[in-house]
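Common to both upcoming complexes is subunit A, partnered first by subunit B, then by subunit C.
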Partner chain A sequence: MYRYDAIDREFVADRAAEFRGQVARRLAGELTEDQFKPLRLMNGLYLQLHAYMLRVAIPYGSMDSRQLRRLAHIARTYDKGYGHFTTRQNLQLNWIKLGDTPDILDQLAEVDLHAIQTSGNCIRNVTADPYAGATAEEIDDPRVWSEVIRQWSTLHPEFSFLPRKFKFAVTASAKDRTAARVHDIGLVLRRSRDGALGFEVIVGGGQGRTPYVGPTIREHLPVGSLLSYLQAILRVYNRHGRRDNIYKARIKILVAALGKEEFARQVEEEWSKIDSAPADLPDTELARIRGAFTPLAFDSLPARSETFEAAKAASPALARFARNNVKPHKKPGYAIVEISLKAHHATPGDASAEQMETVADLAERYSLDDVRATHEQNLVLPHVKLDDLPAVHGALEAAGLATPNIGLISDIIACPGLDYCALANARAIPIAQAIAQRFEDADRAELIGELKIKISGCINACGHHHVGNIGILGVDKKGEEFYQLSLGGSGQEDASLAQILGPGMSADKVPDAIEALVDTYLSARTGQERFLDTVRRLGMAPFKEAVYADAH
Partner chain B sequence: MPTLIKLADGRFSAAEDVFTDIADEDAIPAAGAVILSLTRFQAEGDALVGAGRTVGVRVQPDEAVEDLAYDLPRLALVAVVFPKYRDGRAYTSATLLRQRLGYGGEVRAVGDVLREQAGFMVRCGMDAFAPADGATAEDWAAAAGRFRHVYQRAVDARPPVFEERG
Partner chain C sequence: MKALTANRLIDGEVVFWKAGAWIERFADAQFFADDDAAGAAAVETAKGQPTVIVDPYLIDVVESGGGWAPVSYRERLRALGPTNEPTHGKQAEGGASVEAIRAAAGAARSTGRVDLIRRK
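Showing the complex of A and B:
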């Protein structure tokens, strides 16, 4: 991972000191809540239903064991002993006292972590492929470019008061694990025919109440021009994005209003006026950042591990875990291990302090001290030897972290919902738990195969329901929680928006409806078709009929 | 007299504001330095400047500073307006005035101008500030200098981290 130097450390320390002063002024009554709000929001501190919530940035989802242990310590000392990993690879602490926040920021700063730009109308923490540096699919390491963007966007003088928040996703693989097409800017690294590295630049995707799959405004931006081009996009947005209506202020609204061609033209025109020499990063600094990612000492291993094969043959649980949670690594003899934070009775994305410590220990011992958070609210040990998989699986099992359901029906994204969030209309967590329990039979879950359910407790869509194969949106209907189902969404490389299935239903009807959708799929699928493929082939009609048959 | 903070040669100090800010509905006084809206300047500026008056222009966030390109050499200052602290368009206006239009005169931050924005404002080339929060020149200097390092190039001369590291 990227190693902070003294300059990076001093920067984070300065930020923590600044916030300590601001909190002191607030607690002394020198600042009103109205005056304090923008200051705390610039440090990731929200006031939620029951308490302050602190959102800690995990830059592009990458941590070492020291950092994860510190997050566990903070969760135990200042919170109720757990934290919540979000769809943007951050960690939220839900029960924070205002007076503790300066100490928490100091503790984070000691391990090169912070909460800078985890809220506010600025450039937020960058989402990147959680398999970066480990998957054979990638053509470059997206973390290098994510770090370039992190540094460039940190307290950017021109772009810290944008019309609305601004989110980047960066990936270098054909298989998109970042939801790049539903971000404000998605950057997909590609090679041109002559081999030159460039970015496909996708602008104006997003979810919320007006979802869009973002259009590509440039097929191949030379990587060396990244920052000047981003400056042009952000400048057009800063000047022309709407500021009169918070719900129409994201860049997606500007792109849609102007049209992709006109927006792209304005960006190109602005870009042509920018002096690229000072705007773009010097090659020497790019090389320094690339070099600051610790080179990993992989052993030379055979592609097949007899230890692992024998253990799999002896343990059906390990074999199932291997089928679902273990992914191919670029180096022979290694694997990428996904740790599900979706145990069937748990809150999606939550991890206890003890679980964080277990994962930190495993990362240190078995994964070259590297851990990732995924946008699907799970964790990843990116570099595990096949020989070590039985031991890692055993330790995960003991910590309640071996749920073998990655990508399956119970691997559900859910927002915190009405259990925590001040904006929510309905609960999301109990719906996720009810569905997970209904599909607890692991054989059946594997038979169903890839099926992504995403649940949001309100129209802001933090639970990504627009891009769920099955999306579930909680709404308030005359004081009662109702749930609206939609079908056919995807946040991946084949991005699409889900379509509403029919009238909403009460919470107790949701598991039956999911069951009806699954049964319809299982009886209609052909060959290796995923649920999403079947929905795309057949359309909504048979699914709608199955769910609402009783209503006729 | 409203307090004004000015930045010159790297130092912040309190300054007297010699300009009168003229609302569009008000008459222009017979003498003294004035600040006019962009539209008023476009209508009446030539006559005032021709008469040897000292004139500045107030630019709202939705107005393009490029419209002033040919007038800049005649202007004593450009005031960029923050209707709310959250409205960040003036940062782009100031940046363009300095970097693209080569303006060397005073760029003044007016409106909802709070010390928490000082660092951003200075880095975008603003060099005069009319604080709305009672901040003194010392407060302003402390706020603007809070961070020992900056990560990116901007209008100011501060070396970004990659030059410090070099």
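Showing the complex of A and C:
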């Protein structure tokens, strides 16, 4: 993984020191709250309902054991012993004190972590494929390009005061695990027919109040031109993006207003004016960054592990875990292990300090010291030997981390909602828990198969409800929490926006409604159809009928 | 009735106004009659304390289960803590006053908060 050099370290340490000074001036009354707020936001610090919340960047979702242990230490020392992994691969700490924040930033800087640009109208932490460097599907390592974008965009003077926040996703696999098509810019690495590496450039996707699946404005951008092309896109946005209305300021609104062709034309025109030599990354620097992600020292192993096969045969729990949480690795004898943070009674995405330490220990011992956070709020051990899977599973089980439900109905995305968030209109966590508990039967969950439920506590859609197979949006209806269901969304390579099913309902009605949707699917599906496929084939009508039948 | 609330600057803790001081328990908060000018006067005093608290505003409170509770569920969550972690936040101390807030039914928007957003 990427290692900070002396310049990176000095920069992050300086930044922490700068924030210490800003906090001191705020506490002394030399800065007003209005002056201080943008400064704290640029360092990831929000004021939420019960306390401050610090959003720590986990660059492209990748950590080593030392970093994860430090996050656990911070959660235990400065918070209430837990953290919340988010839909953008960050970690949020819910109970932070302003007065402690400078010390926390110092602690983060010591392990090459920070909270820079996890908020504010700037380029945010880059989302990348959590299977990077481990999956056979990828044609290049997306972490290389994510790190390039991180370095380029950090405190970029021209792009630090954009009309609105700006989010990138980078993937190099046909199977999209980053929700690239609903980001401001999604970059999908592809090879052209002649074998040249390039990016499919998707611009103007997003969720929130006005959701869009982003259009592709360039099918194949040579990788060497990445930064100059991004500069051109950001310049067109910075020049024409609306600043008069916060709800119309994202690039998706500009792309939709101009149309894909006209937006692409303006980008190409802007790009033609940019001198590539200073704008694009020198080959030497790219080689330096790429060198940080050189293939790891994998052992040569047989593709089949008799140890693992025997353990699976003896343990139905391990066999179930293997079916749902273990994914193929590019190297024979290795596997990618997904760690579910969706135990049925737990808060989606939450991990205790002890659980973080368990995962850190497992990463160090069994996964080449590598851990990933996924945008679906789970963790990944990307490089586990098949021989070690029984031991890893046992340790996860002991820590309450072996829930075998990846991609299944109880693997629910939920934002913090009104339990924590100052913007929320309704709670999201209890809805997720109620649904997960309703579908706790593991056999039934496997029978239902892939079904992605995503819950947001407000229209800002941090819980990705627009791209849920079943999306749930919490609304404030005359002062009561109400929930609006939608169907047919996907954040993957087959991205689509969910359509509203019908009138909202109170929280206690939601599990029954999900049950009705699932029953309708199970009775109508053909062959290997996923829930999403059945919804796409049949349309909304039978599902709407099932949920609202009693209301007639 | 109304109560005055804010978040404390140094740690973000939810605080309530009581006779010129900021206290942490909703049950100890000072209540103002809806037409009592003292409520608005307390808001003005609070605004003059930018190094102590952030975003002061009045909330509506009602009688509930023998005690008092904020009218809006958002404010009840602020007075209690997150529902997914019942041992975290103010609710951890338990007791009759916490139960009174938990028992409060019916809900309304946090009018004070809406006014605050509008002002911005």
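The rule is short, and it goes like this: the second predicted complex is superposed on the first by the 550 of 552 C-alpha atoms of A that agree within 3 Å, B and C clash if a C-alpha of one lies under 4 Å from a C-alpha of the other, contacts with A are read in each partner's own complex, and residues count from 1 in each chain.
Here, a residue touches a chain if its C-beta (ideal position, glycine included) is under 8 Å from a C-beta of that chain, and two chains touch if they have at least 3 such contacts.
Since the structure is predicted, the reported quantities are computational estimates derived from the model, not experimental observations.
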Quiz item: Which holds for A:Gln151: it touches subunit B only (first), subunit C only (second), both, or neither?
Solution: first
Practice problem: Applying the touch criterion given at the start, work out whether A:Thr32 contacts subunit B, subunit C, both or neither, answering first, second, both or neither. | Solution: second
Quiz item: Of the two partner chains, subunit B (first) and subunit C (second), which one does A:Ile74 touch, if any: first, second, both, or neither?
Solution: neither
Quiz item: Who does A:Pro282 touch here: subunit B (first), subunit C (second), both, or neither?
Solution: first
Quiz item: Is A:Arg239 in contact with subunit B, with subunit C, with both, or with neither (first, second, both, neither)?
Solution: first
Exercise. Considering only touches as defined above, state whether A:Ala132 meets subunit B (first), subunit C (second), both or neither.
Key: neither
Quiz item: Which partner does A:Ile412 reach: the first (subunit B), the second (subunit C), both, or neither?
Solution: neither
Self-check item: Partner chain in contact with A:Ile429 - subunit B first, subunit C second, else both or neither
Solution: second
Quiz item: Can you pull the subunit A residues that subunit B and subunit C both touch?
Solution: none
Quiz item: For subunit C, which residues are in contact with subunit A within the complex?
Solution: 7, 9-14, 50-51, 54-55, 72-74, 77-78, 81-85, 88-89, 107-109
Practice problem: Give every residue of subunit A touching subunit C within the complex, in rising order. | Solution: 26-29, 32-33, 47-52, 80, 94-99, 347, 418-420, 427, 429-430, 433, 476, 478-481
Self-check item: In the complex with subunit A, residue positions of subunit B that touch it
Solution: 85-89, 91-92, 95, 99-100, 116-117, 119-121, 123-124, 146-155, 161-162, 164-166
Quiz item: Contact residues on subunit A for subunit B in the complex?
Solution: 5, 7-8, 10-11, 14-15, 17-18, 38-39, 121, 151-152, 154-162, 235, 238-239, 243, 273, 275, 278-279, 281-282, 284-285, 288
